[in-house]
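One chain, subunit A, links the two complexes that follow: it is found with subunit B in the first and with subunit C in the second.
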Partner chain A sequence: MIEVIKKYLNMFGLPRLIITALFIGICITAIVIGLPVSLLASDVIRRFGMFGILALAMVPSIQSGTGPNFALPIGIICGLLGSLLTIEFGLTSPALGYGFISAVLISLPFAILSGWVYGILLNKIKGSEMLVATYTGFSIVSFMQIGWVTLPFTHPEMRWPIGQGLRVTVSLDSSFGEVLNRVWGFSISGVYIPTGLLLFFFGCCGLVWLFSRSKSGIEMNIAGANPKFAVASGINVDKNRVVGTILSTIIGAVGIIVYSLSFGYLQLYLAPLYMAFPAVAAVLIGGASTSKVKISHVLIGTFLFQGLLTVALPVANQMFPEGNLSEVLRMIVQNGIILYALTKMGGGV
Partner chain B sequence: MAIEYVLQMKNIRKEYSGNKVLKGVDLSVKPGEIHALIGENGAGKSTLMNVLFGMPVIHSTGGFTGEVYIDDKKVDIKSPFEAMKMGIGMVHQEFMLIPNFTITENIKLNREITKDNFVSRLSKNERLKTLNTRAMGEDARKALSRIGLGIDEWVMVAGLPVGYMQFIEIAREIDKTGLKLLVFDEPTAVLTESEADNLIAAMRRLAATGIAILFITHRLSEVLQAADNITVLRDGELAAARKKEDTNVIELAEIMVGRKIDITSKSEQTEGQGDKGVILEIKNLSVDMPGEKVNGVDLEIAKGEIFGIGGLAGQGKVGIANGIMGLYPSKGEVFFKGEKLNPNNTKDALNKGLAFVSEDRRGVGLLLDSSVELNIAVTTMKVKDKYLKRIGFFNQIDSKGIREHADKMIKKLDIRCMRPQQLTRQLSGGNQQKVCVARALTLDPEVLFVSEPTRGIDIGAKKLVLDLLVKLNKELGMTIIMTSSELVELRTICDRIAIISGGKVEGILKPSDSDRNFGLMMAGEYRKMQSKEAI
Partner chain C sequence: MAGVNEVKTTKTNKTNTSNSIKKFLFDSSVPLLFIIICLAGVYFSELPLLFIMNTLLKRVTRNSFMVLSLIIPVIAGLGLNFGIVIGAMAGQFAIIAVTHFKISGFPGFMMCILLATPIAIIFGIFIAILLNRTKGQEMISSMIAGFFANGVYQFILLFLVGTLIPLRNPDLVLSRGIGIRNTIDLTTATGLKYSLDNVLWYPLFYVLAGIAALVIIVICIDYYLKRKKIPESIDNFKFITQLIITAAILAVSLYVIMTGSILINVKLPIITTLFIAALWWFNVSIMKTKMGQDFRTVGHDMEIAKISGVDVDRTRTIAMIISTVFAAWGQIIFLQNIGTLSTYGSHVSIATFSIAAILLGGASVTKATSGQAILGVILFHTLFIVSPKAGNNLFGDAQIGEFFRAFVSYGVIGVALGLHAWNKRVQAIRRRLDA
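This part shows the complex of A and B:
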């Protein structure tokens, strides 16, 4: 009997089980203490669509064997650059999705180039990718602090009214803010469904899934799963790792554009610093390991992780009015999950 | 009362989960003698030593039966530490020295001589005492001198020649008080000839002081040079115990190899294989594979034969196939049907019609967390673009095609799995091996390299895998090049067998050739003998 329970527990995964239980528990508490369910539900769905693509960026990097992409800020910076350039040049006509499409297109070359360079770096430090990735991310964010101040952007919506440099947050109201959310968006009994956002997210997942079933995708997966096997089958492992890193960076760039769009603001300066961690935590909760991941992990993980955070915030505020407990809770859950996943690394399935 | 034997092991039996590794071995060593223990890989030498040292691997797998006597007293050694206390020392094959410590520090490691200081007196804590470097240095000097090593005892170990490191290990062992028996585990394997001579001289000197030496080796000439008595193990049995005066290299070679099973070879019809022409020509191939270096191998493999590559572990037999397939950097030329292969290019080799079943089944041969069907199809998909559907400029895997092919292979090779989607991790060793073979066959190769196909699989499955290779050879006319540590296997199914020693071809034999020749070649003595006879 215990064996059977253990088997199922293993199959479902301990972290996923704990988070699911916690999520359900908090949802029940939210209802009990009388929080507006419809508002919470809208929020959960919106954040699910908003964060999903950033979590999806972990898929190619894990599949190609470089582990979760802790250097996601590289992709994020590329996405931000794309968005800023779009606003700067005023490419915000409705034909360009109010700037959404142009932002994605402009960020692509940046993402490809930086992903390529970063991929080459990763090939030189095999075995300690995650640590190096974390600090590469930190460094690039810090480096861009200088960039945001000194780059010659002139658009008045982005610059400080007095002094030099870009603002900390740039409003997207006049460009592509909430563009996707509004496409075919509708409300059911007070719950707003941002159809366009969700469809775009699912579309991205579909593309990644299709890629993973193509020849290049399978090669990449093998290079990640067993490099020695890959070499014996004539697969160039290093090349595939670079491809995975480029893809991850591109998806990260698209991810931040979608995130900002739904959020309504571009967040510059320190905001991208810790962006990688919730994304990593999400796929890990979803059931991924540092060496194996499926699209379903992204979907389940993002929903659980973002759902938990969204609901936990008002619940915690209600229960403990003093202090910023929800933020503490978020940090505990997020870092705890990453810690758990890292201890599982290399051992077992 | 004089002690007759310093070590006696009587009727030692040991099995690992039903697999009998030692089947009643006796071993007796007198004080002050050099006793050689020889045998092929897997003959049971290391297991016997593990028993002697009370290694945890023995006790955690159910212990052993039999009796061990030290100084004519029955003992029960439960851990290496106890063995050490009883005066048994071991010089390891891979050097267990700390490179950034001096020679003295290495010799005295964990047995440091200490003296009191202010803090240790005050706290009465042994662990806070200061090292007595002078006394340590003196002890180290004494030990080094005993084996005739004139090196300064305060030199750092890092950067010393390999030969010296071995001596330092010996010095460490003899520095331990009360050492009665010193075991050398293949000490000359990594040494040059002159270093080996020095070592043997040092062993003689030690033996003269009354320490018994147990000397495990493959090199038969050294055995005769150094040892007083010789014990030969074969398949976990005591094959022979000889005095040095009563034997010679040829006899030892014969005893070591032996003929273990009747050869029901396929080779009745093999005469005249040669006239089908050469399919693979290897010229001066050198492969830089760690632990299995190949230094200049020339071979010609005829179309349609089963060619065996044998030899002892570490001599380079495994490196040949790995080098040709481009998995390790190689030099030299390989011609396949007269066409030169691009060196170090796996894809090219696979594309031209070579396929490889790796000796490292779980490491190189399989995607353990992928399905059986994907494992079978994936290399062919990569190399030949098969099992793909084109959709515009995009392609997708052809799941149906893969499934059909996998079903066919599963039936053909009799792979026992629940379904084609099962993960290969869950299969038994023999079935995993069949998946590897299926993957190679999917490539439609003309030449199939198979390395250690029966390693780590049970006896029943071994026969199936070997039968499968013979069947492939007979029915499809596939040329098979099989590398194996098990001579019996090679002699069972191969047409010709090349024995590799020291990274070179020692000679090519027929399966029906005498045990003597096989044994001599394995030990790397064949050419020496030949040249002597020629004179």
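This part shows the complex of A and C:
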């Protein structure tokens, strides 16, 4: 009996169990202290759809063998650039999804190019991807801080009224703010369902899943799972790693556009610095490891992690009005799960 | 200033002079590049030299100890220890306790050291357990461990103080009775501000002149003795560079003293400097002991170390403990100079800045000396001081200088880590081809 329990426990993973228990516990607390359930549920669903694509960006990178993409900020910067250019050139007609479609299309070439260059870099440093990725992300974000000040954007909604450079947050009210959320959106007993947002997220998941079933997707999976076997079967491992990195960067770019859209603002300067970590933590919570991932991990992980954070915020504020308990909780859960995954990697490379 | 470093890093090979110069230029291309950037920054910032010297000295003396704590893990093969953040937290716990008990001045400082040490040892053991389970990924693990520990640290100080930990001190605890304040003032009468620095101040250039004169005498005697006994071990290039650099330092110091320039007012906190010198000496002399040899063996190759009977995990644990303890002390030295403890912020960027500094000094993931650490701190802080003003003068925006500085700190770490990983991979491929 104990053996069986142990087996299932191992399969499910202790941290996942703790986080699930925590989530359920906090949900019950929220109901007990009388927080509006319908509002909370709407929020959880919105955050789930809003954050999911960023977590989805981890799938191709883990599958191609480069590990969780800690350099997600590269994709994020591309997405931000696409959105900024869209607003700058006023490509916000309803036919272009009020700018959403044009933002995605403009960010694509940036994402492909930078993902390609970054993928080649990753091939040179096999075995230390996560660390180098983290600092590549940090470097790009801090470099783009100079960019946000110096790039010749002129649109008055983006620039500081006085002084140089772009604003720290750029409002999307007049362009594609919340457009996806409103598509076919409806309320059931006070719970708002942002149908368009969810459909887009599931659609992206479906595309990634379809890709992983295709010939090149299977090749990429083999190259990531067992490079030696892949070489023996005539698969170009390095090429597949580059493809995985490009895909991850593209999804990252789309992810930040959807995130900003649902959030209502583009966040520039230091905002993208730590964005990779919650995304990595989400897939790990969902059951992925640094070398294996499934779409279901993204869905479960994003729901658990974002749900936990969303519900914890008002609950924590009720219990401790001052001090940011939910932020502390986020730090512990997020980094704890990454540490746990690192210890499971097995020593030595 | 740079002389101190070159004395340490120039290799004592019996090669001819031009080869030595080439090797020196190649080995120290990073510090040389940043020396040029710093000099350009100093020029364009148009800041008065006295201001730069004063600020720089202050920053270098308060930061060097922390950066020196990075050396031993590098030698022991653990890479750059991002976990010094956790050591810094131990130091901050101690500072909060000592501030609560109102022990001021030098005794207060020593009390901090005394309290921080056992906490840091325990933290060091925890980090070592983690890193021994994540061999090959030590740096990312120590970095994430730092983030994780920061969460736990905030949880303890924000929510356990006043609830589980009974602390009722209105100077420390928030008005609601739970949680430590965001900033703790150390400048009060019973505070720790300058508790170490204020023991003794002395004009910098007197100290420099004295040391330079002493060094010249020592290396001349050394050269003379070697020439008599073992002439083949003489390295003319090294001797001449050492002599020129120390002579230059002596000349500049004497010039400042003779002309009675205002630079004479630049004062050095002697005891703090002695602390830094002691850690430097410790880092050098531990390498001559059995322990130091174990560090080196483990750092070189864990398999070989295991075969030759070294307890790898234990050696790595000791290296981490040493580093964490010194990081805790380093944070105390840092904060007693700053004078305010930002409870939830003082430690956060310590690892990034210290590691960027040591890399600017020419260290790498597998090789680091104390000289590189000090040179790196000097360069990093020069950049820190001049870049906002230089950015303003060059681009009309102080922000750009600051962003550039942030980019350099992250970028230099990224490039160094990338180069190291690339190098490791190239070597692995070569080994495979040889086998």
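Just so we're on the same page, the second predicted complex is superposed on the first by the 345 of 349 C-alpha atoms of A that agree within 3 Å, B and C clash if a C-alpha of one lies under 4 Å from a C-alpha of the other, contacts with A are read in each partner's own complex, and residues count from 1 in each chain.
Here, contacts are C-beta pairs under 8 Å (C-beta built on N, C-alpha and C of every residue); 3 or more make two chains touch, one makes a residue touch a chain.
Since we're looking at a predicted model, the values are computed, not measured.
Visitor: With both complexes overlaid on chain A, does A:210 touch subunit B (first), subunit C (second), both or neither?
Guide: A:210: touches subunit B, not subunit C.
Visitor: So, A:189: does it touch subunit B (first), subunit C (second), both, or neither?
Guide: After superposition on chain A, A:189 lies in contact with neither partner.
Visitor: What is the contact status of A:339 with respect to subunit B (first) and subunit C (second): first, second, both, or neither?
Guide: second
Visitor: Contact-wise, after the overlay, does A:154 reach subunit B, subunit C, both or neither (first, second, both, neither)?
Guide: Neither partner.
Visitor: Looking at subunit A, does subunit B or subunit C touch a larger number of its residues?
Guide: More residues of subunit A are touched by C.
Visitor: Please indicate which partner A:146 is in contact with in the superposed arrangement: first for subunit B, second for subunit C, both, or neither.
Guide: After superposition on chain A, A:146 lies in contact with subunit C alone.
Visitor: Which partner does A:229 contact after superposing on A: first (subunit B), second (subunit C), both, neither?
Guide: After superposing on A, A:229 lies in contact with subunit B but is clear of subunit C.
Visitor: Touching subunit B in one complex and subunit C in the other: list those residues of subunit A.
Guide: 349.
Visitor: Can you tell me which positions in subunit A touch subunit C when the two form their complex?
Guide: 121, 124-128, 130-132, 134-136, 138-139, 141-143, 145-146, 149-150, 164-165, 277, 320-325, 327-332, 334-336, 338-339, 342-343, 345, 347-349
Visitor: Could you pull out which subunit C residues touch subunit A in their complex?
Guide: 130, 132-137, 139-141, 143-145, 147-148, 150-152, 154-155, 158-159, 174, 176, 178-179, 395-397, 399-400, 403-404, 406-407, 409-411, 413-414, 417-418, 420-422, 424-425
Visitor: Quick check: in the complex, which residue numbers of subunit A touch subunit B?
Guide: Per the touch definition, subunit A meets subunit B at residues 210, 213-215, 218-219, 222, 225-226, 228-229, 231-235, 292, 349.
Visitor: Touching subunit A in the complex: which residues of subunit B?
Guide: Where subunit B meets subunit A, its residues are 325, 327, 345-351, 356, 358, 360, 363-370, 374, 378-379, 381-383, 385, 388, 394-397, 425.
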